[in-house]
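Common to both upcoming complexes is chain A, partnered first by chain B, then by chain C.
Right after this comes the complex of A and B.
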């Protein structure tokens, strides 16, 4: 064994910069910094602050006192049910309205005009919509007067300052958002798939049921979550159009009362945390159900 | 093979028209397709071939004329009521369904029993040679496999008519030849009446029993591949059939069945395919395969060689004449770039056409 032992050539591994780049970190990554600072200052810090504050009850007691108080007082814990009872039906109604309209609009030439009209309510803001609805649906409003003029009702219907007033307002302000999201998912599906299904003998309903719906489900789940979160945090319309001491005493009202009427920021924070966890629970449940559906590209072509 | 296609005698297009606003995408297209025939609709893009197919499938309403399946008028039916199988250019496979579910989709929509669906899908999988792939999603298949699924899905419903919209245009060159042979094989096995849209004359020539050449929404010529290849009826059909040399000249004499043109001083005599008169402008069309380097003399025109490509058994070159005509020719011997050559061919290889009317005809 007289093999010459060559010194192994000095191996230069890739530089630090190359190794970072291989993991997706390079100078461009720095562009994340402003957004990170922004979310740290305006979201993470206040959230963490509120989270900690919620465990420091104003009235003293142990660290869970606020939570215990919330879940032992029906006036407080009922707000969860009240809010869900508004937010879930409103979101479902919005979604169920948005799907057929999106299917129709998808085929229209003047999509732009209609989309603009539908987006207007977003720009109006909840307070203006509430004002309008108070006048329109109120006992002396056009709606009741028209019905009475035609003799359809003898007494004005009570449509504001109760559940239905808030419901109507949430549908009006939430629909455009739900619709636009739904429209983008619907138009993202290759129309050739529907044509293929038609040539294979599928009726319009079968095409929706077997082609569109399965491909839309993941998008509809996301739309549901975003619309739900928006409706769940209802505040102005619940106060202006609802019955803030009764059926539409939503969780955000409870939090506002604790914080700004009783000046108990700690309790207010605890309620806000509970609100956050209820939302999170629903959103996680809905998003997890997406795993049951196909989630690849919605096109019949080779990508 | 128990995939049995519905029985009928003929599909008849009777003066079918389709307007898009002011544009006539199709004008008075009449065509009779007999059972078992393989018809290719051939033409450049925008000629109306896909429009014709979509009108037959029911994906586009016709704006004039009628479509008949024997004695039944079908152009008023919705696509799902026509029951024609269609293969789409981008395959249009359902991305959320596996191969088996994709192929069985049409049978399921028809409410067939599970055992019948399973049996027929198995047969279709055998026919397109996709056994073992049935549980994959379309996204996991190669382009050629996706195309096979699309074909299986269209024929498993046993349609009277199979419509194919440029089915090979998304495949690479090698796969295209392979799938072309597959389509021919499947057609031979099933005898399915097929309308096949393509812009590729080779595909049309090799697959079809009859070719329909469309241009600007009008049928220009219908005939067997050999007929179209050897005797195109119009200048534009010739252009599409590979007559790449178009020599503009003036008719100086008509001698029996030969028409003589003066092309930049050269005397070119060929066979007239359209009526021309002495003194009028006409075109001599010559296939690039037929134009060879030769001696000066009759049917020869002087040109300067611009490019020359080695193609294995021969060379293919381009050249231009002093008067600015461009040529594509072949040669068995290498030719120097920039050299002066005489390009020539036989009388019977030259077709003479009248000057085409400009614009839409």
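Right after this comes the complex of A and C.
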């Protein structure tokens, strides 16, 4: 605005300032520069640096030595399977629980109490949840004690320092996240569409299957991706609640160990890059399959 | 609204509510376990501890040097909130008011740190910070924590700024306000609720941000959540109750800010970055 107001009288066509302003570059646009430089320095540059560093092995050897070592050492490449074996079931469980609950909660007038309760584990963070579950799910904890009182089990279940401890912590922190995302997608669909289907005699299951599900599919795909990458990068609870040397040795443990315990930043970056690429691969696969479903407006057609 | 009155629909609704109840019950019981244990004298093999005491709080306070840790935590959070507010609000203003080539690419650049989990970009970021000597220092921790918070402020503020009519600013210009006056007397009062909400969300998220702080913190730049992690990691060295007392102190610090934040923001905003569509 400034640039246009103060520009000199036009003699030989618009000045450079005016031409830039016409394309949207003026003093106001420059306000984005500090944040953009910050993002380039602390996000893009480290990624590029890590990517290059991963091809410069610390112990020497050719440029692929880190990656070859990762895929030939079972202690390292098994971490991908371990992580997927945790992340995929957890994400599916969270999503399959979130959908029916979101459909029920959408009808509630006052959702604030429930959403506040569900935001609790997200705000408290993974470390506190891991610490709490160590007590709660332990052999002397209230969970096992309650099951034994009701006579459901005779011996305490082993729920911590193994796969199930990490699974439980990922459900406790991951479910609220998945649920709140799903809820925002579900409430974004015009209820008039469902009412129209009901007027035409569709049952509850038919309304879900033929009206809501196709409209929700893009949102659910994004929810799946976001929940999956969160679960895939699990770190504190896998160390504290799982067996960090055994069944829950996830890929982020391997990366952190390589970089900050063996001080092999090159190997650490290589593992972080592999972690990023596996996440990216799954996300791209899910988002690509989204194209197979309905795409279009989710609001009612008015007129 | 459609009400199903068949037996199947009622059973289904009951099952859904039972699942929600089970989840919330376990969540609250987990928190109650930590609180109970922190006040327990001896708690082995019974429903409730043998006796009650508050001495674990004093011992945790001195053992883990919580006073120092809390000071560092609040300094880090204060710096993160201030810098991400300054960088984020200005950038959001430019993105909300101007259309320029490359804008979509820039928005994608700001979206990525929120979509990629901290552990994935944290390891290369920590490597760079170690090589520049910033890691282990106060400013290294602040810099690492800013990576997701600056984009977060930008994405929360863009819809907020877009809803302010540009004609208001044009009117102020017509009456002779310069850029500084325009900002102080027109934009700031209109934007204040949005800025407050965004910064409170940043605050709540930064207290619980474990991964980035863990990767770059040194012994003198640990925040509370990292100190808690190391205490649980080395469990067995200290009494369980002492660690639980520390966990309760951490919970109180987080929850106080959560309660303040919830007066100004919708809880769902903590998860779904942008302003929610109104529920029908």
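Criterion: the second predicted complex is superposed on the first by the 267 of 303 C-alpha atoms of A that agree within 3 Å, B and C clash if a C-alpha of one lies under 4 Å from a C-alpha of the other, contacts with A are read in each partner's own complex, and residues count from 1 in each chain.
The working rule: a residue touches a chain if its C-beta (ideal position, glycine included) is under 8 Å from a C-beta of that chain, and two chains touch if they have at least 3 such contacts.
Bear in mind the structure is a predicted one, so any value in this text is a computation, not a measurement.
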> When the two structures are laid over each other on chain A, do chain B and chain C clash or fit?
Replying inline: fit
>> Output check: A:94 vs chain B and chain C. Expected answer is one of first, second, both, neither. What do you get?
In response: neither
>> Per the contact definition in the header, classify A:223: touching chain B only (first), chain C only (second), both, or neither.
In response: neither
> So, does A:210 touch the first partner chain B, the second partner chain C, both, or neither?
Replying inline: first
> If you stack the two complexes on chain A, which partner ends up touching A:239: first (chain B), second (chain C), both, or neither?
Replying inline: second
>> Looking at A:269 after the superposition, I want to know if it touches chain B, chain C, both of them or none. Which is it: first, second, both, neither?
In response: second
> Touch check for A:190: first (chain B), second (chain C), both, or neither?
Replying inline: both
>> A:201 in the overlay: touching chain B, chain C, both, or neither? Say first, second, both or neither.
In response: first
>> Under the stated touch criterion, name the partner, chain B or chain C, that contacts more residues in chain A.
In response: C
> Once superposed, minimum distance in angstrom between C-alpha atoms of chain B and those of chain C?
Replying inline: 5
> For chain A, which residues lie in the overlap of the chain B contacts and the chain C contacts?
Replying inline: 190, 195, 198
> For the complex, which residues does chain B have touching chain A?
Replying inline: 57-59, 78-80, 82-86, 88, 90-96, 105-106, 108-110, 137-139, 143, 146, 153-154, 157, 163, 170
>> Per the contact definition, I'd like the list of chain A residues that touch chain B in the complex.
In response: 190, 192-193, 195-203, 206, 210-211, 214-215, 293-294, 296-303
> Within the complex, which stretch of chain A touches chain C?
Replying inline: 1-2, 23-26, 28-32, 34-36, 38-40, 42-47, 49-51, 53, 97, 100-101, 104, 106-107, 111-112, 114-136, 140-143, 145, 172, 175-177, 180-181, 183-184, 187-188, 190-191, 194-195, 198, 204, 226, 229-230, 232-233, 235-236, 239-240, 252, 255-256, 259-260, 265, 268-269, 271-272, 275-276, 279
> Taking the complex as given, what residues does chain C use to touch chain A?
Replying inline: 1-2, 4, 9, 12-13, 16-17, 19-20, 23-24, 26-31, 33-34, 37, 43-45, 47, 87-88, 90-91, 93-95, 97-101, 103, 106, 109-110, 112-113, 115-121, 123-128, 130-131, 143-144, 146-147, 150-151, 154, 170, 173, 179, 204, 207-211, 214-215, 225, 228-229, 232-233, 235, 240, 243-244, 247, 250-251, 254-255, 258, 262, 266-268, 270-272, 276-277, 279-280
